[in-house]
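Heads up, the thing below is written out as structure tokens.
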């Protein structure tokens, strides 16, 4: 089961540059929340603070809180490695490990946590994760082939399988379909729909149709000008966001009048 | 005064790949001829055969004739270097020589060819060429500053000045404005309008409005499919091309229905 | 020339007979310091002669000499028959000759805390030397050593033998002594290469010295001029033990004969008497030769060669070398032979 | 998170007990320890590598500074007898070695920089990706791995065969060094030519400039700073070579300014020769001015000069690369 | 259109008139081509000149040759191959050991620079590594022979006492330790910068995406490096190591000034007079070699040339394959 996330007064910095300002946001468990907004407004940046990936950029840091089921991810005693195990992430461009087979890719994260896994357990897990990622039927005969031999869409689903195999509570996806063709995009969108019964999902997308299709809630980020910090402009459930937004900027954005 | 060009049965190859097939084309002296067409159809390729720049790509060659005032550029006894002195070229991205000042850039064609030129003659030439390129007033106080210190639009006009300074008969321009902002584009378009009294101009453009604005004649290139050779689909004076084309593909293209 | 170390006040006057030109020699590195001293001395009277010496090694020196690229060669080893034959090409039809110019005592140096650093010598007879260098005596408190050195407190410490790793005239001369004086304890053939696998090898005399410097319990052999402040072995000669010194070495050489088997004109090849019992003689010596032609094609070269060798073997020259390196001057009896050979050099 | 997990498609997929895969607390701790251990090891690797560097530099500085003075720099080794002082109050010096080093290195530069640059020009500007070019490129790489002693043997053999046996001269040393230098020059020039935008070549050609002038006046001119800095680094590399010069340029105590005739001493060879002397003799009657350990002191001082020269060359190379690089937009 | 009048055009153009500079163009092209070819010629010349000089020994009367070798080596070897054999063995042993030592340290430093150190520090460190590379080998020889040798004896002695049961470390440790172990250490320091700078560049090129993939799965930093960085850099690491190996194979002065040589097929790293390398042997024996002795040495140099040629060729091949 997924977990909920509460973001309180989050300011996000790259060095001394305040990239995103004062975000307050509730991400509901077992729902899909989409982040939309013009380029540079900080969607990816906010997403990456939710599993502390933000920190790996030198100089990057945050102030404020991100609570996962009430527990602050940024508390002193929290290990970012543990956070990333609970909060999985899928990236814009598929990134399977190039030297690993499909099977090894799926097991990569699990192997980190536990060296001794029985072969049969591993087999089960691989099947489960690949089925979960809607990829099993396409690859079951060639699990030992290299992961990068797959098509882009398959690779992206393989990355999703790899992520779900470590059994996170939350799945973060940063424009997971932007490098994919329409058919692969559809496959991934279907998958998101199915995954949300088990995970809390946050997805960044440039494609408003996609947000409208897959998200339960939508957060609209904006920025006043280039060089200014981005901020959360408007948050609503998806149908309100696209049909009847109570925010002028959001309305202009979703109707395609800017951005 | 500009010279006219006749292209007869020109086939253009990259190695063994036939990139453009059987082009027959008359380019009128002291007029602006625009090349339009979908990406990859061979506009740039054809343009580059007109001053034998095509040949510098290893393996590239042509069959057929290109006649400059009746003299075949591809005749055995013609030196491509001489051709390029008669037929100048301006490129898509402005490319002033980074080690040279504005003044040196303008004189590059003369100086690089080891021609001795008196200082006063050189001054005259620089002023003449920069005025010709509508740049004189903007740079006359800083002729010794580096050429790459200028803005994109200024750089492009500097490149034009550099080209006209060698007194070519024909000016070829490959999408000269595609890297420029609208205001710089306008400046260059104005310049083309003025230059055509002295030169024959051929311009490749993606921007149909631009072709309509500046060209007297327009050649529409097309290709049947990717990997197939491009060809000249339709040639007409510009008003015909955009208002009443006698070719179905051209009509679809200029009306924005494909490409 | 530029940067030369000359006394600006004392510009020597050039006499009419002085030699001018550039002359090169090459060969034994053992002679290097002596040659530098000779060059300095020679140039006092012949300031226009520019002389260089490349201490490239005896072998290379002879090779270069035989190509005609150098006027003379320094060598720790006399010429062999083949080389004598070959020399006709560069010696205007005659054969080259060798004369001893540099006689230096070879020290057996050691580093033993409590002995060498206290400035004390250690006594050894030839058999002990041979057995140490053959790895038969391996500890400093060996009975043979203790017996000969009742006054020393010898530690129970392994002996590390240090020998030359490169081909070397020093090795050859040292082994000549060992083989002659302790034939029963030294079975190896004479060679410029160290014959056994005992201990450590080091490149050049400097390598030997620095290796010995670096560890307690080491012993090796080196040209006396390089022995610096290190401990040296006193060698049993007759009934006593002789400490190393130039005079002692000179005595041993004076007690030696010429090697009559050396074929060729004007050659002065020494057959050192390593088993001398002359009192106060030190029998381990390195004899280094100069190799030159009795006649040269070029007159200026010939004049130089004759005057150079004359100077080098003169009492003045030998004294100069002794000051610079601690070498032993040529004993009078030998010097007479040498002078005869030099006098016979032709100057067209 | 502990309950057995049903899959999204429970009907087909195996049921997974995630407890089996979840990390034990001790394992998590072990991973953390390993992470820290590796971090420590990696930092340690660095510190360990620093020790010899500091030791080398420090030793050279301490030992070398003692005799490094103007007298040392302005005299050669003529008339230096044993450990005695020279008339100028010094103990000889390295003037001849500095001159030798400069001339021999200059000779190597004159040979290898034009050849190296022209070879790179051929590879990048003319040959395209032809098979010959690829072969040459590969061989250039391979050539950069030739041991310096082999380069020395080569020059020695070549001169012995072509000029005559026993020939030693500064120029012979230059030839040996060029063998080591050419590949470096070719490679850096190649890199520099590659990053000259093709636009510039086309711009120049389109002005009706011949290819030769395009290359010399536009392409090489634009790449100049990179080529200069690469060449300086190449010089820095060969200026410290010893072994090939021992057998080609020989050794001499006086100043020989003629690169083409007579032996020449270079700084590294000087260091080695002084090291080979180790001790100098001081006769009993020598005054307190006689120093037994002078050869080693000279060796260290010359080594210090050599290091300073090499470091300065490196620094200049870098500065040239940085400062004179064509400004990017 | 313009207020400045058009300066008179030089002349009416004619396409067939010879273009100025055409000849220079051809000459330049020819020179460039010649310089390219020169590389081939030079490499061939190296092999040929060496072969020519070594030929009296390799070809010619076998019996006479063996006598020469026996004479030259003082009876330690009886024919050319029994002379080169141990030298080659020593060369490879010393270089391989140096590589083993340098390998891990280099990778550590490279990782430190690329993934651990702050940016500023990393830049400084990179520079320091380059300084290490620039120090001439004769200075390493001085330092190794005079400073390191006496200083490191206690360590080798400790190794011999505690790890002596491993044949490699069989005691007693030579004192002074002018041994293969010490030489390998110095060579390791000398090849360290080569390996470091190449691997560092490759580590820095690791796609961010791959690193984030690992971190996103909950990998620690080290696990990220193992999962993403090292596999990505594998071929680069291999070829960098080969280059380092090539360098170590040919190093002369440091070996010459430190090692107590021997002509054995021996793995006793801590004992003196066991092995010798080809390069150092040439430098050591060259001065006392007569012309036939020089031929012997040039023969060994030829063997060294071939070995380093092959190692470098292999390294480049690996790089080339990886970059495809």
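Each chain gets a letter, A, B, C, D and E, in the order it is written, and its residues are counted from 1.
The criterion applied here is as follows: a contact is a pair of C-beta atoms (placed from the backbone, for glycine too) under 8 Å apart; a residue touches a chain by one contact, two chains touch by 3 or more.
This one's a predicted model, so the numbers in the text were calculated from it and none came from an experiment.
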Intersection of contact partners for chain B and chain D: E
Any chain that touches chain E and chain A: D
Which chain has its C-alpha centre farthest away from the C-alpha centre of chain A? C
Interface with most residue-pair contacts lies between D-E
Averaging over Cα atoms per chain, report the distance between chain B and chain E in Å. 52
Can you give the whole-Å distance between the Cα centres of chain C and chain E? 39
Could you give the separation in Å between the centres of chain A and chain D, each centre being the mean of its C-alpha atoms? 49
Please list all residues of chain A that touch 2 or more other chains. 81-82, 85, 112-113, 166
Hunt down the residues of chain E that sit against at least two other chains at once, touch-wise. 19, 21-22, 25, 146, 220, 223, 256-257, 286, 291
Got the chain D residues that touch at least 2 other chains? 31-32, 165, 210-211, 213, 275
Interchain pairs in contact, sorted by label: A-D, A-E, B-D, B-E, C-D, C-E, D-E
Please name which positions on chain E make contact with chain B in the complex. 1-7, 9-10, 13-22, 25
Which chain E residues qualify as touching chain D in the complex? 19, 21-22, 24-25, 27-29, 31-40, 42-43, 45-46, 49-50, 52-53, 104-109, 111-112, 116, 125, 128-132, 134-143, 146-148, 189, 192, 220-223, 225, 243, 246-247, 249-253, 256-257, 279, 282-283, 286, 291, 297-298, 301, 304-305, 308-309, 311-313, 315-316, 320
Touching chain D in the complex: which residues of chain A? 1, 79, 81-82, 85, 110, 112-115, 117-118, 121, 124-125, 127-128, 131-132, 136, 166-167, 169, 194-195, 197-198
Contact set on chain B toward chain D in their complex: 51, 53, 56, 58, 81-86, 88-89, 91, 93, 95-99, 108-109, 112-114, 146, 148, 159, 162-163, 166
For the complex, which residues does chain D have touching chain A? 1, 5, 7-9, 12-16, 18, 20-24, 27-28, 31-32
